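As structure tokens, here come the structures.
Each of the two complexes below includes chain A, the first together with chain B, the second together with chain C.
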Partner chain A sequence: MNGYNPYVSLAFFAAVVGFTVFIMNPIFLLISLICAVLYACLLTPLGKIAKYLSLVLPLVAITAVMNPLFNHRGVTILAYLPNGNPVTLEAVLYGIAAAIMLAAVVTWFLCFNKVMTSDKFIYVLGFSPALALVLSITLRMLPRFRARLKEITAAQAAASPLVTSAEYRDNSRNVTKRSFLARKKNSVKKAIKILSILISWTLEDCIETADSMKSRGYGLRPRTSFSIFTFTRRDVFALGYIALCAVIILVGDFGDFPSFNLGGGRAFLAFAALCLLPILSIIREQLTWKFSQSKI
Partner chain B sequence: MEIFTIENLTFSYPNQTPTLADISLKIERGAFVLVCGRTGCGKTTLLRHLKPALVPHGEKRGAIYFGGEPLADHCEKIGFVMQSAESQIVTDKVWHELAFGLENLGLDTAAIRLRVAEMANYFGIQTWFHKPVSELSGGQKQILALASVMVMQPAALILDEPASQLEPIAAAEFFSILARINRELGVTVIISEHRLEEALPLASQVIIMEKGRIIADGTPQESVLVGQSFMPPPVQIWARSGRRGACPLTVREGAAWLSTQTVKMEEIPIRQHTQGECALSVTDLWFRYEKNAPDVIKGLSLKGYYGEILAIVGGNATGKTTALSLIAGSNKPYRGKIKADTQIYALPQNPKAIFTEKSVGEELHATLSFMEITGEEKRRHLANVVNICGLESLLDRHPYDLSGGEQQQTALAKLLLLRPRILLLDEPTKGLDAEYKRTLGKILRGLTAELSGASTAIILVSHDIEFCAEYADRCALFFDGGIVTENTAQRFFCGNNFYTTSANRMARHVLGNAVTVGDVVWGLGGDVGTTSPPTSPLQPHEPQNPVDSSVSKEIKHGFSRITRILSGLSDFRDSRNEPIRKIRENPLNPCEALESLESDFRGSRNEPIRKIRENPLNPREALESLKSDFRGSHNEPIRRIRENPLNPCLIFMLTIPITISLGIHLALHFNLISTLIIFQALLPFALAFEGRKPKARELVIVAVFCAIAVAARSAFFMYPQFKPAIAIVIIAGVALGGEAGLLVGAMTAFVSNMFFGQGPWTPWQMLAFGVIGLSAGLVGRWRAFRRSVPLAIFGGIVTFFIYGGIMNFANVIMYQPSPTAEMFIASYAVGLPFDIVHSAATVIFLIITSRPLLDKVERVHVKYGGGIAPFSPRGIAPFHRMTVVGMSSRSLDSV
Partner chain C sequence: MRALAYSIIFMLLLVGCSQGQAPEGGLTATLSVTTHDGVIFPATEVNFREGESVFDVLQREMRTAGIHMSARFVPITNTAYVEAIANVYEFEQGALSGWTYLVNGDSPSISASSYSLTDGDAVEWVYTRERL
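This part shows the complex of A and B:
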């Protein structure tokens, strides 16, 4: 969804995640999970996905286990818990479904984070220019603060007795003498001091930023929100595609259990088509690219 | 035809002697005007008067005409570029910054696109058009600041020391662009600058100011006759060797002029230099920032000697600063050895990085308290350092109120208290005017010359060749990660053809071995103050104190009281600027006065205050004039970030049941329903914020708190839940009010998840943080909660109950499609230890930081005439008392 207008990307993710959560249907969940994983693989290097999985899988496992432990509805009793409550097959299956749903949603969000970069959020917030501006200023200040935090830390290390003299001696002579707690206390104290310097520094020069805004006419007239994103024909088509799929899914006839009648089948197809949209668009782009290159 | 006409402009900051005195001035359309003078001479104040949006508060007489008309708010027609590129850039992307001004004018996208494209082309910005601002170099940032002002197509461009933070090559590029704008577009340029080498040859009119008056106004040739002490070397040489012939302004003119002069000798004798004991030896250092990054330092070796200043010079980005950080120990080399006799101290490039206290005196005491010496010794030591650094008159001032040079002297004093034997300085002359450079040079010289066997080894890194030639004993050229050549300063600069001083370039064809202005003047037989070649390179200049300290101190006290009261008053006014008609006041104590005002206000919340009965501190006129200034439209009206939590709450209450019933009716998932509810709750606040058109300062301060909270959230990873983000949101809520608190909270959660990863948890966190910010704003109305302990207790409670309550609930809702009561209990049980750590962290952070931080917000609020702190009356009272007590208690005698 990278090349599309941010509103289109947002609509896509909202639709996909919404349907995944909204329609707790095993086939929907599987389609959603598979497409999400495929798309994530196309967007991010495998190493990163592995790292991400290591964080997410425990959560998924907990979700799967939680349901049969706390949910005792169902008719097929498999075993009894020590407190006498039954573990039912239905609850186990439901737990697994919930876990798949969670995995799918989290993976979609992995893609979402990759696609929705900060400038796209600012564009999406364009309906409220003031909020968009606050977001933009915040994002402007963050790297500046990070650099400044480093600068202050280094300056403290080389110019302040609180950090150096004490630490210098400690490091060289009696590191072992100081308890774990004392060291932690010192490090918290140090961190708070650095944070406090950062805040005074920042507060003083944010006035200059405000002056710079005023001197460039901020507040004189109602503001507009400029952006380098455009709404092209391609975006219109994509939006139409998403809407069409959504309508087919919504009118599709399916119950709590998958029934392979015509309405349900159409809904599954439509959902698969929806989830595959970004993957198809990437594949198409790559094919075109290859094709046009081989011509030259 | 004149573009600017100033007639008898007199301006004084409230209750101070005039900063501008009877200024009359004509500036021609298309002129390039250079305004120069020492720090504190009123340059900045004069320039700000030419830009209506930036005129400072104070009493103003006289008239300013722009294009024949009295100066109104010609926003687009006058552009203003400030000193610090860093802080004047508002947005995060280059393209957005270029469009910012045009967005403010309300232009549509197509028009903005065209103008931005034009500008990017003109300034050559295309290649970095899409970059985030944080990746630009200092020079690029300043060019961007210039371009984003030029995009509004101004007829006049005002620049306040735009190149003072730039390294020489970037500065030269900046000036060449400026010359092009002036020449090709006919834009009038009015610029103040310390670095005159580049600016002077471009100028068509030079104005020299001193103590708020214009002492010279004319062509460069006419003006340089006054105040040569800060002029470029050719002018200085000409002036000090008897002013024969026409004054040369550039090195080229200077060389031609020198050819016509009779030189007394062929070459200057080489000064001898005796080396002291070795203090520091660095051998074969190698360093890179990341494992796979290229080496930055490649086999660096150097030695520092006691009693000697070693200057490391060299181009930008060659690794000089990195080398210094290795020696200082903040980075570790992966190969090589650093052997030092004693502890190494480094003066940071920006002195603000080590300021923590409320006054210079307290700064010094804070450092001194770490010294293990007796009281009597401390006292003598402190007096000595204060004397060396010339801080006597500054001890009561707030560090942030000092000029750049004074700040650096304070930072240096802090360091000298630790009795450093090895001292590192990074770009010590950056942004300093000629006078402060001399003061600094003298201090450093004094340190190395100490006879009692305690002389210091100084290593400094600088772009400032003239300074190094003047004050360093040895110079080393740094290039490509190592030192290429090293020699005594005089031999070093004589041997170079390009990388050398202007005096050397100007005089080399007639006078060998001359590197400083003094050398050339001596060679010409002029007066250098000493009879021999300047072995002691000190120039006969007295260090200056820009303001008479005792008077100014008194004035400041009075002034700050008035401002405090006024900013208090202004808060009672609502944003529609209803006139204050009544102020009843206790004539003895401003604090009590404020309190009585408060109770007055409480009595009739929305009624205008009707009468000013008395002003106990100063003549009534002062108060009146101040008041009218505050009311005037020049400045951003002071207003609290108003909150009316009722209306958004109403919408919230109305829509939520609808959502819930609809959700149940359609059998929607809990998660979906609750997410919708959260957005329904937050959206009204967002729209209310948008609707009341927040002022620039409100926006920036909200963004600052968000950014601090996010930075703090990612910077503290000592323990999983030990994060100060909630503490900062609470402080924002208390300081800025509930609406801003909610905004800071929600925005913090949202932005930090841009880095940690958005997910279904984002809306929940936004809700939790937002509600905490809102509640902090509500309790912040009571003065009791502005003290650290009650606030900390409050913080602990809300962290535990609101954050823990919401997030543990959310954990079940998010991940369980059919939640049961047991699941919630389990979730709360599992979350309990985390919540306890989290709320403990909030309590600790709030106890330690809340009071100082609230004071800081208020200080900025008072100093800059308001606009950021909504509840100042209640906050100012304790703040005020503290300052009054603190003012006298900390001085030299109190050790």
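This part shows the complex of A and C:
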């Protein structure tokens, strides 16, 4: 979805995440998850995906296990909990479905973050430049905090006045002699110091940013913002494609928990077509590139 | 991955636990379970041990009969609350609907898990749609 108009990208992600969450059908969820993972693999390096999986998989497993422990609805009793409440097949399946939904949505948002860069965000929120500015600054805050925290921690570790080299030698020689409390106190002290540096740095930076924006004339009347995005024929086609898939899906009929209705094959095909759109578009781009190369 | 392994082990432990079966001979009571429009468990003679509560007997009998039943537990008062029998849940028929019980035709004003049964009691569990 990278080369499309930001509105088209937004419509795509809204449709995919919306259908995944609101039509909690097992086949929909599987289609959604597989496509999201494929797309994420195309967008981000594999190492990052592995790191992300190590975070998400335990969460997914916990979700799947938690549901049958607290939801006892269902007619197929598999076993009993120690307190006498039943574990039902329906609740287990629902837990697994909820877990897959969670994984799929998180993966889609991973892709969304890669595709919707801050310039696209500002373009999409063009109706309110102030909101766009605030949102893009806020969204940037967290990764920036993390980067700075790393930097400060490294600097503090290299030259910490809290731990002198003599003290360090003492510590390493007889670690057990210093009480647990004293060691904790020291680490809390360090953490407070790092936090204080982080906050003052960030606040100072905010003032500098504001000054810089003011001196460059941000928000003055005759000035407008420039966006490089256009709405091309390709965007029209993509939007039409998304709309067509959405209509076919919405016409379909699905069961509701605790029953599963596996009818409505058309809707499954439409949803698969919708989820595959970014992958198909990448493949098309690659093919076009290959063919135009061979002609030269 | 370790969290996954732990949760599977936890799950297996929970599944592995089982409850004792109905005691033989001794004290008996009559138990019946009815909803507002049907009978789930017709009046049946059941055995129980000295000191067992209405809730204990219901839970054991539902389990032996393979009927779904779900309860909530309130640790602070150490009582149990029956929220569903046979997938008929409280609040399904309005804000005042839910499961309540009668012993010998009277509705005791204490939790079913605090009411100790005596020999020959007739316990009826009914799904009420308004205050009894």
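By our rule, the second predicted complex is superposed on the first by the 195 of 296 C-alpha atoms of A that agree within 3 Å, B and C clash if a C-alpha of one lies under 4 Å from a C-alpha of the other, contacts with A are read in each partner's own complex, and residues count from 1 in each chain.
Keep in mind that, in the parts below, contacts are C-beta pairs under 8 Å (C-beta built on N, C-alpha and C of every residue); 3 or more make two chains touch, one makes a residue touch a chain.
Fair warning: this is a prediction, and the values are worked out from it, not measured in the lab.
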First (chain B), second (chain C), both or neither touched by A:Ser225: first
First (chain B), second (chain C), both or neither touched by A:Thr202: first
Which superposed partner A:Cys41 touches (first chain B, second chain C, both, neither): neither
Chain B versus chain C as contact partner of A:Val21, first or second or both or neither: first
Touched partner set for A:Ile49, first chain B, second chain C, both or neither: neither
Touched partner set for A:Met213, first chain B, second chain C, both or neither: first
Broader residue contact with chain A after superposition on the shared chain, chain B or chain C: B
Touching partner for A:Val87 - first (chain B), second (chain C), both, neither: second
Intersection of the chain A residues that touch chain B with those that touch chain C: 62
Chain A residues within the chain C interface of the complex: 54, 57-58, 61-62, 65, 69, 72-75, 77-88
Touching residues on chain C, where the partner in the complex is chain A: 1-4, 7-8, 10-11, 14-15, 17-19, 59, 63, 66, 68-71, 73, 84, 87, 89
Of chain A, residues touching chain B in the complex: 17-18, 21-22, 24, 59, 62-63, 66-67, 70-71, 94, 97-98, 101-102, 105-106, 109-110, 112-113, 116, 118-119, 121-122, 128-131, 133-149, 151-162, 164-166, 168, 184, 187-188, 191-193, 195-228
Interface residues, chain B side, partner chain A - complex: 51, 53-54, 73, 75-76, 79-80, 82, 84, 86-93, 95-96, 99-109, 112-113, 116, 130, 132-134, 145, 148-149, 152, 325, 328-330, 343-350, 352-356, 367, 370-371, 400, 411, 414-415, 418, 424, 636, 668-669, 671-672, 686-687, 689-690, 693-697, 699-704, 706-708, 710-712, 715-716, 718, 724, 743, 747, 750-751, 754, 757-760, 814-818, 820, 822-823, 826, 844-845, 848-849, 852-853, 856-857, 860, 864, 867
